[in-house]
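Labels run A, B, C and D following the written order; every chain starts at residue 1.
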Amino acid sequence: MTRHAGRHFLQIPGPTNTPLAVLAAIAKPTIDHRGPEFGLLGRSVLAGIKTIFKTSQPVVIYPASGTGAWEAALVNTLSPGDKVLMVETGWFATLWKKMAARLKLDAEFIPGDWRSGVDAGKIAARLAEDRQHHIKAVAVVHNETSTGVTSDIAAVRSSMDSVKHPALLLVDTISSLASMDYRHDEWGVDVTVAGSQKGLMLPPGLSFNALSEKARRASRTAGLPRSFWDWEDMLAANETGYFPYTPATNMLQGLQVAIDLLHAEGLDSVFDRHKRAAEAVRRAVQHWGFEIQCRNPAEYSSSLTAVIMPQGHSADRLRAEILERCNISLGNGLGPLSGKVFRIGHLGDFNDPTITATLTGIEMGLRVVGVPHRPGGAEAAVAYLAGNGPPVAQAAE
Amino acid sequence: MTRHAGRHFLQIPGPTNTPLAVLAAIAKPTIDHRGPEFGLLGRSVLAGIKTIFKTSQPVVIYPASGTGAWEAALVNTLSPGDKVLMVETGWFATLWKKMAARLKLDAEFIPGDWRSGVDAGKIAARLAEDRQHHIKAVAVVHNETSTGVTSDIAAVRSSMDSVKHPALLLVDTISSLASMDYRHDEWGVDVTVAGSQKGLMLPPGLSFNALSEKARRASRTAGLPRSFWDWEDMLAANETGYFPYTPATNMLQGLQVAIDLLHAEGLDSVFDRHKRAAEAVRRAVQHWGFEIQCRNPAEYSSSLTAVIMPQGHSADRLRAEILERCNISLGNGLGPLSGKVFRIGHLGDFNDPTITATLTGIEMGLRVVGVPHRPGGAEAAVAYLAGNGPPVAQAAE
Amino acid sequence: MTRHAGRHFLQIPGPTNTPLAVLAAIAKPTIDHRGPEFGLLGRSVLAGIKTIFKTSQPVVIYPASGTGAWEAALVNTLSPGDKVLMVETGWFATLWKKMAARLKLDAEFIPGDWRSGVDAGKIAARLAEDRQHHIKAVAVVHNETSTGVTSDIAAVRSSMDSVKHPALLLVDTISSLASMDYRHDEWGVDVTVAGSQKGLMLPPGLSFNALSEKARRASRTAGLPRSFWDWEDMLAANETGYFPYTPATNMLQGLQVAIDLLHAEGLDSVFDRHKRAAEAVRRAVQHWGFEIQCRNPAEYSSSLTAVIMPQGHSADRLRAEILERCNISLGNGLGPLSGKVFRIGHLGDFNDPTITATLTGIEMGLRVVGVPHRPGGAEAAVAYLAGNGPPVAQAAE
Amino acid sequence: MTRHAGRHFLQIPGPTNTPLAVLAAIAKPTIDHRGPEFGLLGRSVLAGIKTIFKTSQPVVIYPASGTGAWEAALVNTLSPGDKVLMVETGWFATLWKKMAARLKLDAEFIPGDWRSGVDAGKIAARLAEDRQHHIKAVAVVHNETSTGVTSDIAAVRSSMDSVKHPALLLVDTISSLASMDYRHDEWGVDVTVAGSQKGLMLPPGLSFNALSEKARRASRTAGLPRSFWDWEDMLAANETGYFPYTPATNMLQGLQVAIDLLHAEGLDSVFDRHKRAAEAVRRAVQHWGFEIQCRNPAEYSSSLTAVIMPQGHSADRLRAEILERCNISLGNGLGPLSGKVFRIGHLGDFNDPTITATLTGIEMGLRVVGVPHRPGGAEAAVAYLAGNGPPVAQAAE
């Protein structure tokens, strides 16, 4: 390949741009996972990660990527044939449902249009019908990475409570955790699933299950066979900061730094930064005259925006041009959205010029490929960002 | 913690000392796992890893640590209740058996003394009894990391063939691959299990299943529920160099470099280097007057040596002293060997002085802690190594 | 300090953004500067650097920053009291003249307006007057970093030749080398001065003197005391790839990679990339309605653009806002230009979105600080860049 | 080159093994040397470096290697023709004298045998003769890197005071600073010269002049031409943490970490560690039956040991074998000692096993090359180190 000068802009909706301090921590030599130095590291990350999930309950850290944490949430709490209620928010909800079926669960889908979030009312209605409590779990995606649509998890919890249904609530926060406000305890979630490679600003390779007391109780009788994903061995070893089998030591070194960086910025500032970026991106997209995949503004994602291409134009052709010319990676359309949608990631470690660079890159691509659009989208983002900055610090003159 | 000057010597039997070039590759920014650059990387490592297993058949790469690859080998090939024949070579064989039981397999153990390798004759005898072919798999550990004892895999294969038993042969090479000669195809192994953090000189976080045609056929009817570990999705996506879910991109970047380094040295040179180091270590241990856990010299491991402490002396006290004083980590005794045995790792990225540094460090520990021994063990290793070097290159004067 | 999320954009006119591959090479452990591995490195960089200066004559590499290489050019070729003709192109020409005076040379300045390059005719005229050849050297700056104005070195050479004056020609290329075409041999330069931290994409810490035969002859009789900067010891040791005193080993490791990167891109492509970026930046500046410090378009710099602030607005206030808000560093006005000018660096390792990110950042700053301007400058750059891209590679769909 | 597995042991007397944390700091992206973040860095290192020299007076930091700091010490304090009294302790003292002569100073050498330190009595005697105070400076080397011989700087100061001679005292601490106790203020040194690549555990590329009030006064009238090395511009800019010309930013990032590491260990612990290592090395050397270049035990260096080869055996042949076989670099004999002496560096970032690894490596080399010696040198070092450890921390069992 010819050399591309300059840095790559990884503006897919995860994996995200990793801070150099995190990469440096990952590149430190591996330490003995049974030695005293590891104990310090283990205790630090096991305590620290709870603050990110906003939970005082245990968080299991797997040396595996996010898909594994989906599986863990299911095999620890359910038995073969158990009914699980899921909602078709998009590609990743669909994959999770396929996984449930492969694991011999009885997964039921509330159909969706891939442009909307979870309808809590429909969940309440379905649960209300389920007088016998055959439904053992409700599993939803907080932020559907294929569409840029969020769902109101607190509302889902309320709807479940309103019909007094005992099902567990399992939530995928893979592309929302540490980018948008999320409250495992307050929202009464039983298992929260997450991965390292998005808002946590790490490479892929770690994944998480945040637990509730109820989920742990369920795990005692859950009948799906499990070993690698089993929570109890993990939690027992975690008591002293260690793991039952070799953990992903270097990734944990990175996680420790990532958690520190998030707190150094302040979680609320992190969420605000994502919110501003998302609004700036949407203003550009709307200025260009393109439609946003997410139908309902109340459900806009802070971490990515899926953009619908004008009829007759290939999203993949555009993305290829932008990659080749600008060294910016954008997300592709998944499943039925393939070629029709491109996704702009605005999550993880970025600042205002990362976002405007991306938008100018897209605008160059639109011009070169010849996609009809109203010029000036990046400019609209600039105007928005300039008017909506963080309080400006005392400038050093 | 006070600062320890100087580099850490990670002389546990894995994770191992990672070459800086590998760490640097892992610390490169994460790339788009669906972009063209990733395709090049994926195809490169998927092809390269085959040369390490000595196979022309596919190797599955998981974004998970080695324990996961054990689980993958079982869930892809077996059905609930299937009988698996295993051999009690030590702690890791025992853990693998426990895992099989948890996964609802019927695991049968040929008992062992934790000081010997697999007795192929006993396997043949047991299989010969199994006229009905209830035993679906024989699962053995090539190099038992808890004891430093190897097993003759070719002999196991022959014994199975001799009784014409159709069971699959599953082999754990976690602490042998890329440190000792291993031949997946030639030895007729059906699933070889391995991890990144030993001979491959990477941090933990990747694991492997090398497959046979027969194993893949078995997977089509195997009834254990599986999704994350499923081979077929992997192999389908791997065709073009991609993965069905987010791979551990940065670790793959490191794997590419590690494979190149192994070939730059030459696999046979790598194995010789491990063999020489192991012999040097054993000469030191025997000089000190200590017993080696491995009873039979033909079964000595090239990658680690487990040493039995004299009665009344704690291996853990010795290890703590050596860590504190010399910044050298040694492996602890596992299970029933706890406190009674320490393990010297001599695998991965090391050279002669790494080994003699370790031995002098142990000797300092023995002196300080007051363990009776014959001084001069490191010296014995030096004498051996000096007489058995590689052919000396033309020295630049 | 609060954490700034996202990467820093170092858009001063040097030091420049350093490729991660170069930083990784610098972070490799230091090697023995008298060992065989160093010899390979030394010979590689000593040969490679010649291709960057376009010379077949020796290039001296100092373990020192660029200012040192100015001093080296003077002390190796001149004697106390020697007359040197210099041209007041801006701040750096002025500093070089001050240095000459401190070194007890008789430095004469052709006055300038800090908005124009060297007038070769004036040099010819002054040399023509100098019948006795008291002027021993003409020293000019190829790209004045304080103003963004280039000078035509070939024209200076011609003017010197036209009056048959034997003075040496010394040229500072600190902010032009490897960003704009430069030809040490073809243009008949006697000493070319350069540093590592600009077009060469390294941190500061190395500097260079490219020599001519005539310069080396002059050094034999030059009477200024010198030792550290002395060429002859250097050249003697360089014969075999070594240095007379400890070189900056790690920086040389980085230099080797940087030279490879420049050739991987192709020097002409590198120059074109800088030229396009400079034009894009100027279009934005002119769109905003600001004046460019460089008066004559034929003298525009490819590596930086100095922008004149509207009356009554502080360039430093603007820069501070942009730094705080966008994490973009811009260059300040130097000397008499302090507060009145800001400088946009577009050199080293960058791509199109680096440039447009910078322009959008400036535009945000202008809005926030309240500097009157015509919005849409970044947009103008986008339009230019989209219409003037490199030939687009076959896009992978 | 074939790949050498394992880490390199850089056991020359500098550059030294650099801690990975220091390399990581150097590999952080370059920052704006005129921005606010740099100011913090500059102030931190300018204050921190004083604690290492044990001075409350300013320390100048040059973006240049150590040889440059020698030149700086001379050109800032002396005028052409000034007499400087120097002592022939070895190769580096000789080079410094050559430099003085090139700079047109009148350098007078008190002859030496390259096996002894400075004889303070001889200095006193020579100064006493100098009634007219033609001698303007006494320049000595604290730790002669070519021989491993130290000199008593406090004694030199006393001898100068005893004869009430006003000459300046200039001291080279290039291979002693941060490895052996050194007290710029208490010992009344006027200019202390140092470099980054030895006890400071950095790569080469920074050098230092610690000053006295008297030295600064001398600089006001010193007549040697200077610009790059001039102290006053430096000190003026340093007031606010900045530099008069581009500093070696990334090296300063590393320096900040290195200073922190030294204090985290404690300077006295650092000196003790070097002392113990030196004694261990000498015990090995004496056990082998070789002579140490330093004649007088009171003058033994803590940072290196020069070893005399037995007649008829080439030190360079031995070093080449050890490098090829063990990947250990040792220092060569310099000048008249070439081929006759090899030097073992034991300075910078090392621990006990680094030292014993080096000694076992040498012993392997001696065996392979066939140099007659008494085996067991490394063992003697082990015995010494085991009996003379730091107080052992509470071991974690």
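Here is the rule we go by: a residue touches a chain if its C-beta (ideal position, glycine included) is under 8 Å from a C-beta of that chain, and two chains touch if they have at least 3 such contacts.
Quantities reported herein were computed from a predicted structural model and do not represent experimental measurements.
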Greatest separation from chain D - chain, by CA centre: A
Chain pair showing more contacts of the two, C-D and B-C: C-D
Inter-chain centre distance, chain B versus chain C - centres from mean C-alpha coordinates, in Å: 53
Between chain D and chain B, distance of the C-alpha-averaged centres to the nearest whole Å: 45
Between chain D and chain C, distance of the C-alpha-averaged centres to the nearest whole Å: 34
Shared-contact residues (touching 2 or more other chains) in chain D: 7, 17, 20, 24, 27-29, 36, 396
Footprint of chain A on chain D - complex, ascending: 20, 24, 27-29, 36, 396
Interface residues, chain D side, partner chain C - complex: 1, 7-8, 10, 12, 14-18, 23-24, 26-37, 40, 62-68, 70-71, 80, 95, 98-99, 102-104, 195, 197, 203-205, 224-228, 230, 245-251, 323, 329, 332
Chain B partner contacts - residues on chain D that touch it in the complex: 2-7, 9, 17, 20, 261, 264-265, 270, 273, 314, 316-317, 320-321, 324-328, 349-354, 356-358, 360-361, 363-364, 367-368, 375-376, 378-379, 381-383, 385-387, 389-390, 392-393, 395-397
